[in-house]
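Chain nomenclature is as follows: A, B, C and D, assigned in order of appearance, with residue numbering initiated at 1 for each chain independently.
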Amino acid sequence: MNSAVKALVPATGPLLQIDGVSVSFGSAQVLKDVSFQIAAGEIVGIAGESGSGKSTICRSAMGLLPSTAEVSGSIRLGERSLLTLGEAEWSGIRGREMGMIFQNPASHLDPLRRVGSQIAQPMIRHLGLSRKEAMERAVALLDDVGIREPAMRAKSYPHELSGGMKQRVMIAAAISCAPKLLIADEPTTALDVTVQAKILELLKDLNARRGLGIVLISHDLGVLADICSRIVIMRQGEIVEQGQTAQIVEDPRHPYTQLLVNSQPGRKKLRSGWGKPGVQEPLLQVDGLTVSFPVKRNILDMLRNRTPGRFKALDGIGLAVQAGETVGIVGESGSGKSTLARTIIRQNTPAAGTVRLDGRDIGGLSGAELSAYRRNVQMVFQNPYDSLNPRMTAIETIAEPIWRHGLADRRTAGEEAARLLDMVELPRALGERKPRQLSGGQCQRVGIARALALKPRLLIADEITSALDVTTQAQILELLARLQRERELTLLYISHDLSVVSSFCQRVYVFRNGRIVETGAAQEVLTRPREAYTQELVASLHRLPGGSAAMAETQAGA
Amino acid sequence: MQIVLKRILQLVFVLLGICVVTFLLVHMVPGDPARVIAGDRANPETIEAIRKSFGLDQPLWQQFVTYAGNLLSGDIGQSMRYKRPVTALIGQFIWPTLFLTGYVICLAVPPALALAIASARKPGGLADQIIRIVGIAGMAIPVFWLGIMMSRFFGVALGWFPVSGYGKTFVDHLHHLFLPALSTAIWMVPVLIQSLRAALIEKAGADFVTAARAQGAGEREIFWRTILPNAVLPTLNLFGVIIAFLIGGTIIVETVYAVPGLGSLMINALLARDYHVVQGLTLMFAVTTVGVTFVVDLLSALIDPRARL
Amino acid sequence: MSIVTQPQATEAPARGRLNWTILVAGVIVGGWIVLAVFAPWIAPYDPNAVDILHALAAPSADHWFGTDQVGRDVLSRVIHAARIDLVMCIAGVLPPLLIGTTVGLLSGYYGGVVDTLLMRLYDLTAAFPFFVLVLAIVGILGPGLLNFFIALALVGWVTYARLVRAEVMSIRDSEYIQAAQCLGYSDRVILTRHVMPNAFGPVLAYAVSDSVLVMLAGASFGFLGMGAQPPTAEWGVMISDGSAFIRQAWWICMFPGLATISLGLGLAFLGDGLGQLRRRQVSA
Amino acid sequence: MRQIKSFALAAFTAFSLSSALVALPAAAESVIRIASVYPATTLDPSRSGAAGNIEPFGQLYSRLLRRSFETGELEGGLAEKWDVSADGLVYTLHLRDAQFSDGSPITAADAAFSLERVRSDKESALPSPLSAVESITAADPKTVVIKLKHALAPMLANLELWNVGIVSKADVDKRGVDGAFATDPVTSGPYMVKEWRPGEKLVLAPNPHYWRKGYPKSDATVELLEVAEPETAAAMLKAGEIDVMRGVNWAQVEDLKSTDGIDMRMEPSNVVFIVLLNHSREPFSNLKARQAAAYALDNKVLTQAITNGYAKPANTPLPGSLDFHDDAYPGLVADMDKAKKLLEESGMAGKEVKIILGAGSTNQQTGLLMQAQWQAIGLKPVLVNVDTPAWWESTGKGEYDATPTWWMNELTDPDLAVRWALCGSCDSHAFNTFYDNKKVNELTEQGSREQDPKKRAEIYQEISRIATEEVSQIPLYYSPFPIAYSKRLKDLKMTPAMQWTLEETTVTE
């Protein structure tokens, strides 16, 4: 705590004051002496990576920790001390004076009840409204949080709404009783970037219109910097630094804050690619590629002998990747970017069009030729844990492709696997561990080592960092860039995050609904987007001020 | 609409399969219904004459064609032994079985609910441990052994309950069927508890429960309005399976307690090789199973909007 | 035998309870295995030695559990019966498990016609009253344990197939299977090395709880005269034979019943413990 | 979570409430309830000879002659008197005035029709009693004339059998065979059908038109209940839910004897328990092997063990209560050494013997003892459980080696018994043993035609001796019917021909 921070607190006294709070589960201490406060009408951000305790502190402020948690210190809402409250008193405060929204809106709404009634429920409970009045207000609130046709939507069930709409419903329910404080725990993490921007816009708007104090928790410093007046940085259960947004972002004092700031995607231009751009034959050539999936035929259709149309995941895609290039594919969920990856590794069969490697159509490969193709093209997957067989050790996983492809006997393959561990900067001792004993970043390194075991020429990376913390993400990207140079890889990098793609790749394709919207040099697309959709994507980026010159230019453009 | 059509299609397929399989199975079992009908001292000519009168002398496929033709016209056949329509026999024997099934449900569901709730309140607590062990013990007891022991103890030694039959009035039914219903319920309760307890614990930790709490809902309200409805769904499906199983699976308990229900009818018909009765009963059980599943689907759809199409 | 609930991977069990459960299960099941293996040395009498002059003798120092209707020692028969009943648990579960797992693997991984056919077959078997089906099959093949197992396998594999199929379908789409396909492994390798080991956990837990039901079903069929044939000692048969004499000789029924319950308990605890062990591994 | 607790409490209360529904008094009305393991399956007397049908047939249909319940002698039934021609070939029976349950008169046409159905209908279950008949005619409405192909000593007795009960020709003509006997047949006996719930119970009500005026003595309805388990039946009897338990297990006898209000009786019967041997295949196609098997079974010990001494060890394969039976004949006296020696000589030692066992504890017990004894002399016995239809299938096709079973003769005259159990040229294959001795076959025909009782006695004793020594079947014991009655019934018993004396019975409340 420094005096500068204290001075920021208005004279009327803080809305929420957290003093020396520690939380432990049995012998494990998850929060150590955490203190911060929030004034009425303020937006305070809490940033930190997984395990930093940022969610725990908010949940202790809401009294939502499991009963096994031991909490010490003091949390005060206005004049009231919260930690000593009984169950009934808590119920009177939650939803009435403090509201909370969560990361995954889909799982936080009761699937069995209409959203209107879920919004109305807190008002019936806290404000004593009749059911009818509460429903009327619920419709008004839905309108308020930007849902069109609110009267009709109020009768919908959660599964009938999109992710963004669900989060808006959560917000409507949380602010229904006009609380003074809203705690938002990673409210946009599960959403597409363009939706994320709109939700943040809504929060800002509510803050301005209603004077709603907001605690915004996020792993994304960029998001916080965009809308918070102050930021609290947490690591391993402790606050390492807090201060005004500008100070944290532009002049981080604590080394960890500095690391965090520098790890933000796009902060650092990575040097990737090694080939000479020019007129040579492309390594990978995709032409007019269309991939479609059958829409499930229901019995009514069957009876009427009607075949429903096929859903086109990819619709006439054409792209080319030169040897040594790093090409990025950007798009939101459902854009078809993963379908492309799966088609290249022959898990989807194209309805039309071709994929060619070195000019050869891969569609007809089989036997030895297919094996050779497998050795040339490899892929790293999104989910670090799910992409490794939970029953095999790291070294087994890495060695398996080597001996299965007959490149070495099993013993030699093991030695080679150990060398690959070195290469992805994992201690050899970790080789004996199974995935669940490794961290996410470590798993992803194992995944990379496995993909590289066959010495491929083309490596497809499908959202390989989206499940990782920013600092880990930065490390993995650096590793990838180094490996690309060392092993002369051509990279097809797939991500939803335009800033990562543009900082890491040389060329970018922007995907939407199975089509390519825009393509061009990475910097070009980021700084001067031509298409409306790309412009929207770029506008949705939350970037830290400062950074490279190019970034500054982007900021100005947005 | 979707569900209805799907179930009807399923029913058609299942019925067709059941018809063929039952027909073959029943006719392949050694033993001759004519012998059972005519009695021990009948001579071979008599037996042959009886076989002929039932068409049993025809080739199997021809018998099946006749049988299938009758089925299509809605006739599930006539008991060879009693010379009565199978439907009449089912009409006679179905009531004790239905009553027993309903009774079992009444005996099993309230304690299952109560115990599952008590158990899920504090997973791993003392109550939970005891309920779990007693439950597992309940599942490990062979129903027929329990039946024998209970009828000896409560029926014979203490004389509290009749050891057989069905009785005449409603109260009589309750009284006569108490032991059979109890022996079945003892096995059924733990199965329900296990399922409901797991679902309750799972749903109690669900995100939407946290959300409800964050909106200020009290624990009672959360339990009754949020956790329970969500937890009931998987148990409802299991419940459907059990009901179907009960209606078709009362053979042992009805044998032990001499309840004149469908299980007894089935055993008697099997022992007498009364082909049409066995086939008709099996068909009826199959239709019941599909029907119960259908009702469960409808109920699920009533509770869960996601199950509606 | 589709009535057993699939334990859901939700709760985080307390360690103490798990050890306790597995310990009890181990002691009971292990105890029965020891009794079964060393039955000829442990049992005081020949289980089939008829002594008609001492029929229906009450429990005494000579015959701890009394004698049955033809004078055989009930204790010796209960001990020897453990052999049959334990074999029943294994032989009644293993074939359906093997068949079902294979079919479930193939149908879950490849889908298509086989899969559709399997699901219809499942509908059919599920709609068939279990006892009627097994009774009819045993009736055709003739009574006896072997035929009982055949009938059980014919009926039981479908449940395993369905269970494995569901697991495989969720595993099939996981990224490590995609990775294995991308690495060019053959389907056989993927199925046996990558899919199967990960799909097997729930199957194993189910198999153990299934073995309880199989044992009870075996005893029930013994009770109906269609299981083990005389003079083989089997608990269900003993209960059935003894039930005619229960008024004079409760011990003939009582002890095999208690034996059945204790083995059933042991197996049920084992299934419970295994299920929790798996859940812990998943949640860890 | 208080409300959860109270909910749990409520549930438990409901649970324990329902368990508080303990014994309620049964409604007292005038009903005689008889429990039997044997099911009634048809009401047509010509169509079945199964035990569960024989009992009600006697109550529903009077025959031309009847047997006195007191003396057991033949006396007038629907026929008041009769004449037999000197050559024994023509029987003329004069009917009395009697009515069917629907009030219509019973005529000679009805009688002739009924007998003819039994004799010549293809589906007649037991035509053999009338096999010697050449023609049956109604000479006038009151006179029936039966002509025989040859003289038959037991002819009059055969006219008392349960299956030659008189049914209404008019009704069968009107409703057809299936219709007439489906649910409410027109009856000529003391009772008529009130309700039939197949597989559950047959309810009989007194027939107001019954020709024996004043009978049935009691106006109580009679329920013939089907109860499969003797244990269940015994418990019902003790609880007062039934009045008569047919087929008491030997093991239950002592207990029922010592129960207040229950009269446990051993009714004389024409029953014999035997072991069938299959003469059509090895090992028992061999005479010495059969003898060895017989010598190995000590039926004195076995009878004591299984029936607690309530039955009498058998000395021949025929029921001991039959006329001309020689009680002094020693039969084969058990001797293990002799058995071993005989088996050795037969060359059948070590042969597998398939013993099939029908349901029931007695069969199971007997099977176990047979197995133990035969194992001891060097055979390899294997036990297989089968249900009743499968038992008939196996024995009928000769797919077995040995099986314990029982049978009874309806009459004390030995003719039908020999035809059933020993005659190889009759339909029965000597009760599916495929025993076929020419001498026995010849003697069978001789015995039925012989009118002189003394000569008949010699013939039947010779048949018995031959069959016993050649071990057609292994005789076990002569069993009475063990029946337990509630003491509220007076004058109810079962005759050796398996007929209840219900018309004589009175109920004391």
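Observations on the model:
Definition applied: a contact is a pair of C-beta atoms (placed from the backbone, for glycine too) under 8 Å apart; a residue touches a chain by one contact, two chains touch by 3 or more.
From a predicted model like this one, the values you see are computed outputs, not experimental measurements.
Common neighbours of subunit B and subunit D under the contact definition above: C. The centroid of the Cα atoms in subunit C and the matching centroid in subunit D are 43 Å apart. Taking each chain's centre as the average of its CA atoms, subunit A and subunit B sit 50 Å apart. Our note on geometry: subunit A versus subunit D, Cα centroid distance of 86 Å, whole angstroms.
Chain centres here are Cα averages; for subunit B and subunit C they lie 22 Å apart. Residue positions 229, 231, 387, 390 of subunit D are each in touch with at least two other chains.
The multi-chain contact residues of subunit C, meaning those touching 2 or more other chains, are 139, 142, 243, 246-247.
Touching two or more other chains at once are residues 29-30, 148, 156, 219, 255, 270 of subunit B.
Chain pairs that touch one another: A-B, A-C, B-C, B-D, C-D. Residues of subunit D touching subunit C in their complex: 229-231, 234, 249, 251-252, 254-255, 301-302, 305, 357, 359, 361, 364-365, 367-369, 371-372, 383-387, 390. Taken together, the subunit D residues at the contact with subunit B in this complex read 1-5, 7-12, 14-15, 18-19, 21-24, 27, 39, 41-42, 47-51, 53, 122-128, 178, 181-182, 197-200, 227-229, 231-232, 235-236, 238-239, 241, 387-390, 392-394, 396, 407, 420, 427-428.
Contacts from subunit B toward subunit A in the complex involve residues 1-2, 5-6, 9, 206-208, 210-219, 221, 226, 229-230, 303-306, 309. Residues 342, 345, 347, 370-371, 374-375, 378-379, 381-383, 386-391, 400-401, 404-405, 436, 447, 450-451, 454 of subunit A are the ones touching subunit C in the complex.
Looking at the complex, you find that subunit C touches subunit D at residues 48-50, 52-53, 55-56, 69-70, 139, 142-144, 225-226, 229-231, 241, 243-249.
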